[in-house]
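The structure under discussion appears below in the form of structure tokens.
For reference, chains read A, B, C and D in written order, and residue numbers begin at 1 within each chain.
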Amino acid sequence: MSDHAHPTPVAHQFDDREQQTEVGRLGMWLFLATEILFFGGLFTAYLVMRWKWPEAFAVANSKMDVTLGAINTAVLLTSSLTMALGVRAAQLGRGKGSFALIIATMVFGLAFLGIKAVEYARKFQEGLFPGPGFVFEGATGRQVETFFSLYFMMTGLHALHMVVGIGILTVIAAMIRRGRFSPDYYAPVEISGLYWHFVDIIWIFLFPLLYLIHPHL
Amino acid sequence: MSHETAVEGTNYLNNGYSLRSWFLTTDHKRIAILYLFTIVLFFFVGGSFAVLMRLELMSPQGTLVQAETYNKLFTMHGIVMIFFFLIPSIPAVLGNFLIPMMVGARDLAFPRLNLLSWYVFVAGASVTLFALVTGGLDTGWTFYTPFSTSYSNTRVVPAMVGIFITGFSSILTGLNFIVTVHKMRAPGLTWFRLPLFVWSLYATSLVMVLATPVLAITVAMVAFERATGIGIFNPAIGGDPLLFQHLFWFYSHPAVYIMILPAMGVVSEVIATFSRKEVFGYRFVAAASLAIAVYGFLVWGHHMFVSGQSVYAGLVFSILSYLVAIPSAVKVFNWTATLYKGQIWFQTPLLYAFGFIGLFTIGGLTGLFLAAMAVDVHLTDTYFIVAHFHYIMVGGAVMGFMAGIHYWWPKITGRLYPEGWAKFSALVLFVGFNLTFFPQFLLGYLGMPRRYYHYPPEFQVLNVLSTAGASILGVGYLIPLIYLLWSLKRGKVAGANPWGATTLEWQTASPPITQNFPTTPVVTSGSYEFPALEEVHSE
Amino acid sequence: MSSFPLLPDQASANAGSIDALFFALVGVSLFFIILITVLLFVFAVRYRRGNRVDREIRRKDNLKLELTWIIIPTLISLGIFVWSSYLYFQGKTPPADAMEIYVTGKQWMWKIQHQRGNREINELHVPLGQPVKLVMTSQDVIHSFFIPAFRIKQDVLPGRYTTEWFTATRVGEYHLFCAEYCGTSHSGMIGRVVVMEPMDFERWLATSGNNETMASSGEQLFRTYGCAACHQEASSSRGPVLAGLAGSAVKLQDGRTVIADRGYLQESINDPGAKIVAGYSPIMPTYRTTLNQEQLNQIVEYLLTMDGGVAATARRN
Amino acid sequence: MQGLPSEHIVPLKVYFTVASALFVLLALTVGVSLIDLGPFNIVVALVIAVAKMLLVVLFFMHVRWSSRLVWLFASGGILWLAILFALTMSDFLTR
């Protein structure tokens, strides 16, 4: 344990650190369960719409940039790896390593958002952005518009989660810098990691559902 | 660790008087009080809307207000009563106050989240109220699309934002309770020793945590569709209106159990204490709470029997609706059986509990009418539905809330309420309630549709009766407000355990000290070990 | 306050059986309510504090008792479920000879079109004793077509057809309500159902009509809007032959097969791209904004009657 | 105290293996999408996605070494999502 570590007292409602850690972890898992259902509403809408308009979804898919999507998936998977390693470093009390890995995670996260922004910008130029003047020509036009509505809502909500995640990691990185953690106490790092991985998992599903729709159902 | 020095006279109430000490508190008991003020306020706001509605309905040709205004009135009445009064009522007030004490903990698992949940609640409520005063909302509390997304001219988007925000307060509360019950129980307090109130709030919390997020995302989609014209719910722009109904009821049916389960928990406590017996079939009652919470997720389609939903799906939802009624029946029978050979002490909370059992049973049994598809075809969207849910929500849940407030009033404030007045107002409420809502069953079977601003003249007699009942009801709610406030200063000092109850919260001072217990209690038996008969009553 | 009824009129063939189930439910409810209330009061009085009664053998639970009060309500519930579902399906399956009437809901009125061409607003004239099937859709939001005296109600949705049916059994005038909240004048979206002797009904049809059946109006529209340009009888045409289409199975481009019912026909005109017929390209324009709902109903009705005989059917296959 | 499940230190090798598996699956899912399997494209895509999810959940999120309660909470959300899907589609599929 590094000497400059501030002793972090156990909050008054707990008996010991162990209870506090487990409570925090459970709280985050429960929160993630609610997140599943939060995204779940959108996934249900997607399911119903895709079932109703399979052809329109296939048409819409031709407008998607699979390469950028795949690159982004890779970026996000890498960020999950650095996150996991960052937590491991924190477990072992390696402050510097942990700090570097968290920063790396944030950088990958930002890269993801950057690529996403490029994609959004292109869609915007192509007029595939919901709002006034959003008209997709062709017989399946209205259903294609529905696809893009879902696309923007789902990826938008996901991106919002990424932004929140990066915010959390900023705080965590600062805390690491101030030597707040030790092998005894690293729960905040771990719990933020859970959140980050969860956001990754959402994307793991968004990618095939939004980018890899095959013309035949 | 704990402060043994807590002297007689230091409690959560007199531990600081500044505004800051209230608005920045993380003490679950103080947060409960903050919630109490907020929801009582909303109850009277929602009640005032109801009064205006009832006045309007006294004559068949609307005279008091415009049609638009009437539509806004029932919408705001429904929204305020459900989202801002009933859902937070027992959980956020009594649950917050009692759960930590009942499990022998110093606080909830996440005290700061708890405070945050109140602020989120106030923020959400403010946004919604802002929408209501700057133009109102006329969609009904069910926000059916495409009316809400494309046709209403009122403040849909801000209202949706407000409800979206409020949802998170519910989620935070539920999350806090679940983790607390899992991880913060005192030594020896096993699951089957927990008070039934804790069981029912645990079940409630499951519903809050798993259902509320879907409502949040659904209202968000409504707001987006309205703001940007994307096509999710409106068929004219590529959406599907029944998709909205599925998503909405996936939340809102389970939500009715968020409203009733806590009241059931209160009734279990009250029945045990005032008959001085453990609730009969404790394990069945506890399991019934969980069963209701879980089954409750499988029946939402019973709100859609005439919506154009597939008839086969309707069949499935109908039979599941019958199954969800069984655990409620189990509870009613077990409460009744508890009284058998008890020592019944007829105090106000028990009076309310009796009211709850009777009225909830009527409301619940009329739910069986609605779960029967053939009958629901005739009854849906008529006043029969209005009567059904007011019997459960006002006759059941609000009576349960009143029972709980009276039962724990001495614990919360350290004072007793005036018993005579309390019994009198319980009676007034019972009479007023039945006079208000029983005629609505008849109106519904006669075919009077709900959300009607004017109606054919032959329905007038029953409507006038209902309005008369509502004014009695209004008086019945004002009396407790007055005597409870009065008792704060003038009520008899209660002492730690005026009812001779056995759950943990009664073992500490009234009002409780800030850290709840001088030392963490160690539990060695179930929650309802009343002294043997002989000690109380020699035979 | 002229009249003060407690029960609604019974004016359809199904009303009696629904009422029977309703009163059975009332019976079950009364039984349980009385049982519970009586027990509560008897126990509360007999075991009141201070009353000297036998309080021995106090059991905390009793498995047999629990099972009893689980199983009995379950059986009762299942009984009701079966009974009600049976009635419900009966109420959902119109007889084949039912007379079809189109209903279009719109904020805030009901527009009714008889096959023979008669139109009415907020009124529905029907003959006594003849099964009637309502084919309903909405032009804007969701409404619900509710006739209490017949015990029927069905939501009316935009972009879709829903149906309900009844056989009126008593001559008279009955309430017609919109039961799904649809905006400001929801409670003004009401009307009356007039049940007439068949003879009177015939006379009414003859005097209020305009001699043009729905199908023939549809045919006219079909020509006016140039549908025939693509949907010709010739096999070289750009669109599929439509004669004999109604009720047949259509193979779609994505491999699925759908039945060409009313809903499909309406969708094909409103949203041609939603389901593309195999072997054709999606070139048909949408008529969503060109045709109003009533015109759409007329074209659909025309397509339904356009069977074109064996030859047409063969050509399609 | 090593007894606490969470305090488990996962060997680096495990993390790198899992990460490589994830990349392989990513390549696989893109690859398969280029082949026409008819209705099975979506099935394969989802199976791969679930596999990726399980890898992340079990290893990166340490569920493999976590308490029963964590297992319960993690599967609970998914189970409820399945209820939402199943009963909603029970309507759309049988209309």
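Annotations for the structure displayed:
By our rule, contacts are C-beta pairs under 8 Å (C-beta built on N, C-alpha and C of every residue); 3 or more make two chains touch, one makes a residue touch a chain.
Source: prediction; values computed, not measured.
The chain pair sharing the most C-beta contacts is B-C.
Centroids built from CA atoms put chain B at 35 Å from chain A. Centre to centre, using the average C-alpha position, chain A and chain C are separated by 45 Å. Per-chain CA centroids place chain A at a distance of 15 Å from chain D.
For chain D, residues touching at least two other chains, in rising order: 38, 69, 76-77, 80, 84, 88, 92-93.
Counting partner chains per residue, chain C has residues 255 touching two or more of them. Shared interface positions of chain A, defined as residues touching 2 or more other chains, are 22, 26, 30, 33-35, 37, 40-41, 44, 48, 52-53, 142-143, 216-217. Pairs of chains that satisfy the touch definition comprise A-B, A-C, A-D, B-C, B-D. Chain contact summary for the complex, chain C toward chain A: residues 253-255, 271-276, 282-286.
Chain A contributes residues 52-56, 138-143, 216-217 to its touches with chain C in the complex.
Those residues of chain A lying in contact with chain B across their complex are 11-13, 15, 19, 22-23, 26-27, 30-31, 33-35, 37-42, 44-45, 48-49, 52-53, 130-132, 134, 142-143, 145-146, 149-150, 152-153.
Residue ranges on chain B touching chain A, taken from their complex, read 100, 105-111, 113, 171, 175, 178-179, 182-184, 209-214, 216-218, 221, 224, 228-232, 237-240, 243, 246-247, 515, 520. Residue ranges on chain C touching chain B, taken from their complex, read 1-8, 18, 21-22, 25, 28-29, 32-33, 36-37, 39-40, 43-44, 47-50, 52, 54-62, 65-66, 69-70, 73-74, 77-78, 80-81, 83-89, 91-92, 107, 140-142, 144, 146, 148-149, 151-155, 157-160, 162, 175, 177-188, 288.
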